[in-house]
Amino acid sequence: MTENSSNTATAVLERPDEQNREIRRLTIRGLLLQGGFNYERFQNLGFWWMMRPTLDRLYPDPVDRAAAYQRHMVYFNTNPWVVGPIAGVTASMEEQRAKGATDLNDEAINSVKVGLMAPLAGIGDSLIFGTIRPILAAVCAGLAIDGNIAGPIIFFLALLAIQVLMRVGGTATGYRTGMQFFEKLSPAQIDQIKRGATIVGLAVTGALVATMLKVTTPWTYTSGEQTIALQDQLDLVLPALLPLIATLIVYSLIRRRVSPVWVLLGTLVVGLVLGYFGILG
Amino acid sequence: MTENSSNTATAVLERPDEQNREIRRLTIRGLLLQGGFNYERFQNLGFWWMMRPTLDRLYPDPVDRAAAYQRHMVYFNTNPWVVGPIAGVTASMEEQRAKGATDLNDEAINSVKVGLMAPLAGIGDSLIFGTIRPILAAVCAGLAIDGNIAGPIIFFLALLAIQVLMRVGGTATGYRTGMQFFEKLSPAQIDQIKRGATIVGLAVTGALVATMLKVTTPWTYTSGEQTIALQDQLDLVLPALLPLIATLIVYSLIRRRVSPVWVLLGTLVVGLVLGYFGILG
Amino acid sequence: MTENSSNTATAVLERPDEQNREIRRLTIRGLLLQGGFNYERFQNLGFWWMMRPTLDRLYPDPVDRAAAYQRHMVYFNTNPWVVGPIAGVTASMEEQRAKGATDLNDEAINSVKVGLMAPLAGIGDSLIFGTIRPILAAVCAGLAIDGNIAGPIIFFLALLAIQVLMRVGGTATGYRTGMQFFEKLSPAQIDQIKRGATIVGLAVTGALVATMLKVTTPWTYTSGEQTIALQDQLDLVLPALLPLIATLIVYSLIRRRVSPVWVLLGTLVVGLVLGYFGILG
Amino acid sequence: MTLWQAFLIALVVALAYLARRILGDPQLERPIILGPAVGLIAGDLETGLIVGGTLELIFIGAATFGGTAPPNVAIGAAVGTALAISAGQGAETALVAAVPAAVLGTFCELFAKTVCSFLVHRADAAAAQARGRTILGIIWIGNAIHFLAYFVPTFLVLQFGANALEGVLNALSDDVQNALNTSAALLPAVGFGILLSVLYNKALFPVFFAGFAVAAFTDFTVIGVAIIATALVVTILRNRTPQTPSSPQSSALI
Amino acid sequence: MTLWQAFLIALVVALAYLARRILGDPQLERPIILGPAVGLIAGDLETGLIVGGTLELIFIGAATFGGTAPPNVAIGAAVGTALAISAGQGAETALVAAVPAAVLGTFCELFAKTVCSFLVHRADAAAAQARGRTILGIIWIGNAIHFLAYFVPTFLVLQFGANALEGVLNALSDDVQNALNTSAALLPAVGFGILLSVLYNKALFPVFFAGFAVAAFTDFTVIGVAIIATALVVTILRNRTPQTPSSPQSSALI
Amino acid sequence: MTLWQAFLIALVVALAYLARRILGDPQLERPIILGPAVGLIAGDLETGLIVGGTLELIFIGAATFGGTAPPNVAIGAAVGTALAISAGQGAETALVAAVPAAVLGTFCELFAKTVCSFLVHRADAAAAQARGRTILGIIWIGNAIHFLAYFVPTFLVLQFGANALEGVLNALSDDVQNALNTSAALLPAVGFGILLSVLYNKALFPVFFAGFAVAAFTDFTVIGVAIIATALVVTILRNRTPQTPSSPQSSALI
């Protein structure tokens, strides 16, 4: 729908309302980032789609435009929820160059784009997939298992709200601060945010194992005239010991690069066997 | 009663027993620090009262004495329990000057006095009003509400003991170490003590909200054939959620500079209304 | 049994299998480290025993050998489980010298030996006696008091496993890395390991006091028509307050250098008296 | 409530506040102290204790920093306790009286402190002539003003407020009773909110949630949280790298 | 399971996955969403919720980092839920179907993504001629391929797998039932193990045990641990010494 | 208690201690090991376990640092267990015998270690002549002395102490029984107090209170506290700024 906004050659957006429209367009187009996902260049087509109107506007000449298109055919990959700042910075730098910033040549713009994509993927993945979503999943799964429809609803709405905030805020921040954004977020800070998210994620995973995983053993043994349940003895030493062991086994298999798919099938079979013989259950 | 000890002009206190008497006098006079409290210069009159015997002794001449009195008419304010070190340092510096320390002119003495008053107010207020008293209050209020007279008694005695220790120890330390006291307590250290007290205070306030505030909702809703109490559902997600919300609302109002008096009245009314309609209670 | 391996004069061990045999011999001989313990030079005889085959091999001449023996008659003391690295480093340095490292004179070797013994004693004592053994003891004593034979068995086997690991791993590491071992383990790192062990030990001791010490009072008092048990009131303020006080009293006596033997007898008597009169119990 | 009792209570309130000025601020004006004291005078220590403890929590954060005047806990506590006892009601209804009385008291306190600002100029004049005795007199005039600013309103409210309140309370329906209970339950949030703003420090604020979570999810009490927080803070401070004066930025660490 | 229901469910699965590509990855393919959705279609919302919640935990750590393909949660969840409902069984038996279906789905997903790798070369050619419309077409061809790679297998399994599964389930002994229950109880360990490896960081790994211990020994819930961990992390980060660019090694501190 | 049993028990005690000297200090002399061992010999394993476990806690902190001689746990444990079994009494009364026996044993141990100090001079002479065999002989003479220093007193106390103790115990009133129980309950404080002084470190001492509070207010066990403390310590150490040799003062941080 914004295709035909590229009417003027190298038209620089000066007016705030134009800039706001640009930000909104980048944000909305970002939804399709993974639309062209492929195993060779990942999100390159999606990112091209985001930049297309800007490129069309700045490069009316077909030759220039083809060059611009090709520049954005290269490998691109980041966490889709945090693509905003990258697109914002890239678009803003293109504007700067159109205004005459000669040191912003193609390589400069590209290196900023590539320089942002990996750290933001790291932050996004660890924060969203490693921390926020597991916490929400654990709480909402608990509700759902109790038959409470609030489970999926809260899960969906909370994630949606977070995504909207990240996309809208991220694009605007990236666009407005331009390259300074890059400097503001030093590697050390990126690292710290990731570490912080990892700490919370690890602690929460520990809590998940202790509360959500119900692996017990029905074994008993007889000592003198008493019958003692092994599980009771284990609970005295360390509650949730079996869940912890099971998780650590899975974890170490996956760390040793056993495919999750095989681990999943293996666990299914092991569970069936141990359950059949009454060792666990 | 110690008024007439100022018999000799610029009589320097060399003997330990004289110094001890001086420390004791400063400590006792400190009790009146807020006696002349006013909204223009705060505790200036009280501090003058503390220094008066020293000034009278060191400035027998009426003109000098008037100048000394006037010097202490300026703004002064600190936490009353920690006035000791300031008075001790000030008195000791006056002695030093009388002994011939010429670099200790009026401004030097005054700047030390003023330099100590604000940081010590900060430490005292956060430690006493923000940490120690709330902890004691919470525990003792619990006892009192159970009808146990030990509540007020422990509250009174514990605070008294702390006050006596701070006043006596503070004055003596200030007097004996003189200006070195100032150097020993670097701004970074003062800051750390305040931060430490704040951490404990914040953690305790969190615990207070979770344990002492009993805001619940009687609402129920029907899901299928079961009647579910909203409060039970809330407790699954986060026990004491309503007390937390209530506290954060009050807190944010006060942070926005709404007068505590109005917040208090408002909470009274809101509580009456929500209770009347059975939303809370 | 390895006595007659010292057949060749200053025979340097070059072949890996010879080196492995040397490491094994040092490890096994280390079991006797405290065999000659005495209050004048502590483990000097035991350490001599560990080094004897190496010395015999390197110093076939009786005069040289006597000098070597005498060098190892000096004070030596460390935690017996961590003697491995010291013996390994010392033996390895003797080999180096035999290979021609002229800067490794007697004093150099001795100073490394002495330099390692105290820090390793500190690490070993705090880790084993202050942290690992108390944790195992607390858990296993709990089992034993319940009449479970697993208590002593787990205690014995777990400590044995830890000891074997430390002795075997320690000697090999010391022998192979030689002096570099010394550099790898900086004083700051040694300090940190000790501090870490101390932190765990202190936290565990706190938990032990709170869970394993059952000191209570049977006192009651009457307030109005109710009879109130003092213990219940204490539990409201701080559960396990009496165990905490008892421990801190013992602790402060021992810190004041009262002999543990007297403290033990004193506690026995105090317990008898307080129990007899129904003050505790 | 006899005239005599009202007089005594007003006296206790005024003296408790005076102790703040001339006896080193021993916190006698706190509800947990005044509640039982008023209870003793009014002949019902138990209610005094309960009301005092309840009000103490409500005003737990109320403190005068830099001379600010928070809700006047002394007058509030005394009036609340006294009227609750004379009306034969519990802690909840005491609040209906205590809160407005505390607000009223704040105005009286502000009035007194403002008046004293004028007196300080007379002290200046006396100082210029080294007339210590005059300055001392000014101090005590200030104390007297404060005494009256506490005594008079307390006495008047107790004398004339009791009957009015009793009438109101007798007419209460069950719903209103429930409203009172809810208000009583909610009011300590004011105390905690004030305390929180007193402690405000952006960088440390999350500690509040940590303390909350520990107490909300476990059996940890307030004392327990205080112990563990103090233990951790002292450990961290004691193991801090000693500050070299040349690196002031490190002081931000905790 | 009617043809119509199978069609609808397969459509929902394929659209949920498509949302990941063209609607900003709203996580609609998660079992907790698909389970109830399938339940609605198959006429048993309750079972859909329970199966969805159970599967969500099993796949809690399953996420696509850098385009990796973990067990396919969408197809697994839909097939498991649908077959459990049509067989009139509970969440445990749903897993017998869900796990193999998820594995099958992974292969379909890998197939689709690989095919798209070839398409990207045609996009290169189009870009060299600035033919944006062509590139856009290629994007949508990729989306269509993915749609089919989800729709077709789901539909087929639902159509032909239901009867087979029902037969198997009816023949189950008590021991086998117990085996199913145990497997269902054990399977979330896979989710947590994957999550753990996702979060792997040697220096921070002990925090996992701390979180475990807190939840294992006290009444702390997952939310409680999240609150306290977040509070501590934010406090530490906010009170960190500001990093001077010349001392990068300090960034290792937490 | 037959002569034979007393002999066996004394032998076990002496060998357990000898293992400390010649078998690498495997901690066989700890009450938790000796208690059951003595119980087996005396024919009551159960009592041996209980007494051993109880005494283990009392002596939990007793360790020989730098050769110091704490209360002699080996002799104390053996005598306490044996006499409790032969008198048919429980763990509480075992302590009445164990504590004095441990004190007595300390003197025997000190005696043996002191004697060995003289032997070392003969080793010096042998070393000067490179007479290794002689040094080895001296080592084993020391071991023999220590063996006897443990064997003899244990045997004598068991032979002659049993009857005496039995007589005393039979005459006990209820009050005295209560006194014994109280003493037994109080004695582990000695172990914990010693352990605490062993771990003494001013800067880290508050951690003791943190561990105490966690276990006192929640269901955390000793293992739980050990797990969480270890997890936090390892995390902190691993995330420590690497030490540059030029800034040794930073090592104070934890």
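Should a chain be cited, it is by its letter among A, B, C, D, E and F, assigned in written order, with residues numbered from 1 in that chain.
Just so we're on the same page, a contact is a pair of C-beta atoms (placed from the backbone, for glycine too) under 8 Å apart; a residue touches a chain by one contact, two chains touch by 3 or more.
Computed from a prediction, not measured in an experiment: that's the story for all the values here.
With steps allowed only between chains in touch, the distance from chain C over to chain E comes to 2.
A count of C-beta contacts for the chain pairs C-F and E-F puts C-F on top.
To fit its Cα atoms onto chain B, chain A must turn through 120 degrees, a value rounded to the nearest 5. Comparing the residue numbers each copy contributes, chain D and chain E share less than half of them at their mutual interface.
Chain B and chain E, compared by their mean Cα positions, are separated by 56 Å. Centroid to centroid, with C-alpha atoms defining each point, chain B and chain D lie 13 Å apart.
Centre to centre, using the average C-alpha position, chain A and chain D are separated by 51 Å. The mean-CA centres of chain A and chain C are about 49 angstrom from one another, to the nearest whole unit. Multi-chain contact residues of chain A, defined as those touching 2 or more other chains: 139, 142, 148, 236-238.
Multi-chain contact residues of chain D (touching two or more other chains) are listed as 204, 207-210, 212-214, 216-218, 220-221, 223-224, 227-228, 230, 232, 234, 240, 250, 254.
Considering their complex, residues 202-204, 206-210, 212-214, 216-218, 249-250, 252-254 of chain D touch chain E.
Those residues of chain D whose C-beta lies close enough to touch chain B in the complex are 20-28, 30, 32-33, 35-36, 45-46, 49-50, 52-54, 56-57, 60-63, 65-67, 70-71, 91, 95-96, 99-100, 102-103, 106, 113-114, 116-117, 119-120, 123-124, 126-130, 132, 135-136, 138-140, 142-143, 175-176, 178-190, 192-201, 204-205, 207-217, 220-226, 228-230, 232-234, 237, 240, 243, 245, 248, 250-251, 254. Those residues of chain B lying in contact with chain D across their complex are 30-42, 44-46, 48-49, 52, 56, 62-63, 65-66, 69-70, 72-73, 77, 80-81, 121, 125-126, 129-130, 133-135, 137-145, 147-149, 151-152, 155-156, 159-160, 163, 167, 186-189, 191-192, 195-196, 198-216, 238-240, 243-244, 246-251, 253-255, 260-261, 263-265, 267-268, 270-276, 278, 280-281. Within the complex, the chain F residues that touch chain E are 218-221, 224, 227-228, 230-232, 234-235, 238-242, 244.
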